[in-house]
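Order of writing sets the chain letters: A, B, C and D. Residues in each chain are counted from 1.
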């Protein structure tokens, strides 16, 4: 992955948006290495993600941002300009299931995921060993049944102290309080162990078994105040059949969960996910 | 497909079921060419499908059935013995979407599906030409908004007149009355254009688009009195993304629908589907 | 599908290509409804496909082409400007397998594939009935073992007479002569019944069965002089297992073949496929 | 997974095999919890795997084996009777790629894979930390270019010393000598990073990129003296497109590799894989 600036924006659609952005890039010598655009007809909304090779520009990230601002204002863009060399600061949250955590740590260690994993927070102490093996801080923050807010206040303080910008719920089995969801809007990523909107809520594999579905799935989505109803980033499924007990569904599901979470997180880390209403645009 | 008798049964589980059935087969010289068994632990229920090469037996289908009846009674089996050479009598019902009908007719013509398609019933006249090209009777039975029962009485009469034993709703957009579902229990097969239980009811592709799912699906199931909630026979999905409008979801979905319906119908025609409660066992 | 002009080109990569093309479009009031770009680093080659809403332009297709030519020359582009409202003229060629032909005809009839199917050519007479039912001309051109060229001369004449621009080998079991491949370069589309480059040549399902693979596939590709080695447009697979005899592989494979061929053809008809060397860029 | 004995055999096909095996089981009070059979018509060969609940039998594993031997001899069976409670002894071999090793260790730790991982052998020292974190012995055995046999003699001694019965090549980039393959016939499992038989040999992702395939795959197979040509246990694929560079193919491929290897190994550990000629029967 070469060093680039990512220009990511969405705005009301109209003639000439790409060309006008392109002119600003070209005037500064910018070499576009990748570009994705999407027009949503219904809502007349335009989405774009453009990668410019950093070395081709005479500008810093901030200067490129400044150069684009007047146009952004004119076209009412939600615009961000991101430096691909600056890793996002990620907090992983986990309960007792190891598969997603072990998977993400190996992907991070082998440089498949470009980010800083600043710490792991868990309501149990089980994953301390593995986390610390990878040289990452581990915080055990119990969530008490009668005073959950106390625990989540501690979580929030930790996230703030690390200046984290992304929170990944890697099979964290507690419900995040609405205020925290709001504070980190579209920065909290969850993996739900069903093909949403099927089997919202608790024990989805039991629900799936009862309904007798022939495929099980997993969904990576941003967490919002409506449990399991946030914008979907990625989904996948695996085939099952009548001979698979609930435990087998859960085992087969783990493979889907970890793959889907890793794909969704990667898209987020590369600023490929744009949220509009309750939907996402995910540029390849 | 060689000529065989299919012994299909389910019953409370206990020691020695397979062996006792096997002894009766072996005593009569029967050569088992395929056998599938499944024990469901939770409900302590046993399911089995055994194919015996017809020529290896000294018995007719009726005689084999007779030979198995005492054991069936003792073990409280739901038992059927089916002659693979006797085609099921199938009625196809369709509205205006051509893809499933065209697909099933080609599969039938090229002998991929072994059955007699005795007629096509539609609430429109659009598919008459294609149906009659294949030499199959076509019945146009309008369903009037204010008197649907009248139409379904006519449908029922046609099904009865043809001595049909299987009804396939190949994108038939009317709701079958409960009494008809009951009369042909586990003989009416529907294709629903979503990955059930997601998007039950009308316009599932619109629902899917609104929710922003990353896969769309189709479900082949037996029709029961609870709309879209009958036992699932087969499901599959296709990947979609943000750039796919509702019309594109519908187009991509068609491929899933026709494949899933054909697979589900084939399993039914070969007596591979056993229903228990609201779930199915589908033996490969 | 709204009326648009498709600007499709590839050229050596350099700074500012998209912007310069965009300027020409914008100067003429053109509204870009879809744009895809791809830079291939290794070969330093750039690929692009831009859809401009026809009504937004003050130019005809020819005038837009003229407006782009000087830039195309300067940048050494392979450029075409296509009017989406002008259907391609397609010849279908088939032997005895019905599944691809029946599938394509239904997709065409139901307007899923936008093209004119000008005729069907076959080395057998079997598909005449179905073809003529759809109101399409049918030409039975036998290929004699000892004088294949005679047959292919007749084929070429028919293709020319219909002014066809696309030839689809929808399970046509004869090898197209090199001269014909060359004449219609990247306009002859084949469906091969294996996941190429596995099982090149004859009887791929037999080869797959012998090797004991756990997935079978199909490949849609442009036909070149090297049999089964042309640029791949689309592929897919289906799961099989030890219990599947060769005939079952062939049956399961048919579903993959027809879906993959339809997807590949659709991409071709919408000018989404760009060939470079022996590879393709296929824009979604 | 309850405690059971697995009766696994293959033999020439004939009438009554299942029944005669069943009688011996039933006479000893055995409760069959799962049974799979397969007849291969071409070769007239029969395959079977039967799970009997251990507690239902009055016999030990050895006694059950003894009880079945006379029939096994008469029917010329390859028979084994396996105690599900006795874990197989597995050696993992790895070079520098971490993904398969990290994945297998987590699956083993979380009890998804039932086996004893007795040690890890590597031609590099990189994975020592992770391996020892899991409490598993690590042996660094360099393979010298000019004297590979010396290294493999050391490997063989280690495998013998640990009384291992299964060797997993979890992205081990050295070729196992024929003598070692032979000694541990159908006990050495490899993951090859292509959809075999495509792209045999070195750098399959480079080969795949050059050919422009639209899916990449991985193959889990038993290692035989013919490199990459042993019996296939499991395969899967992932979709790629023109924009994916070789490095991206390799990254996407890793997910397929680890999943396919884990599935194949699991089938092996549960004695679900029967080899016949160069093919496998893999019972679900």
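What we mean here is this: a residue touches a chain if its C-beta (ideal position, glycine included) is under 8 Å from a C-beta of that chain, and two chains touch if they have at least 3 such contacts.
All values reported here derive from a predicted model rather than from experimental measurement.
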Chain copies touching (chain A, chain D) - same or different residues, decided at half shared: same
From chain D, the most remote chain by mean C-alpha position: C
Rounded Å distance between chain A and chain B, as computed from the means of their C-alpha atoms: 41
Whole-Å gap between the CA centroids of chain B and chain C: 36
Junction residues of chain D - those touching two or more other chains: 241, 243
Residues of chain C touching chain A in the complex: 15-16, 18-20, 22-23, 25-26, 29-37, 39, 56, 239
Chain D partner contacts - residues on chain A that touch it in the complex: 97-99, 102-103, 105-107, 109-110, 112, 129-130, 133, 241, 243, 251, 254-255, 259, 262, 284
Chain A - residues contacting chain B, complex: 38, 40-42, 47, 195-199, 211-215, 217, 231-237, 241-243, 245, 278-282
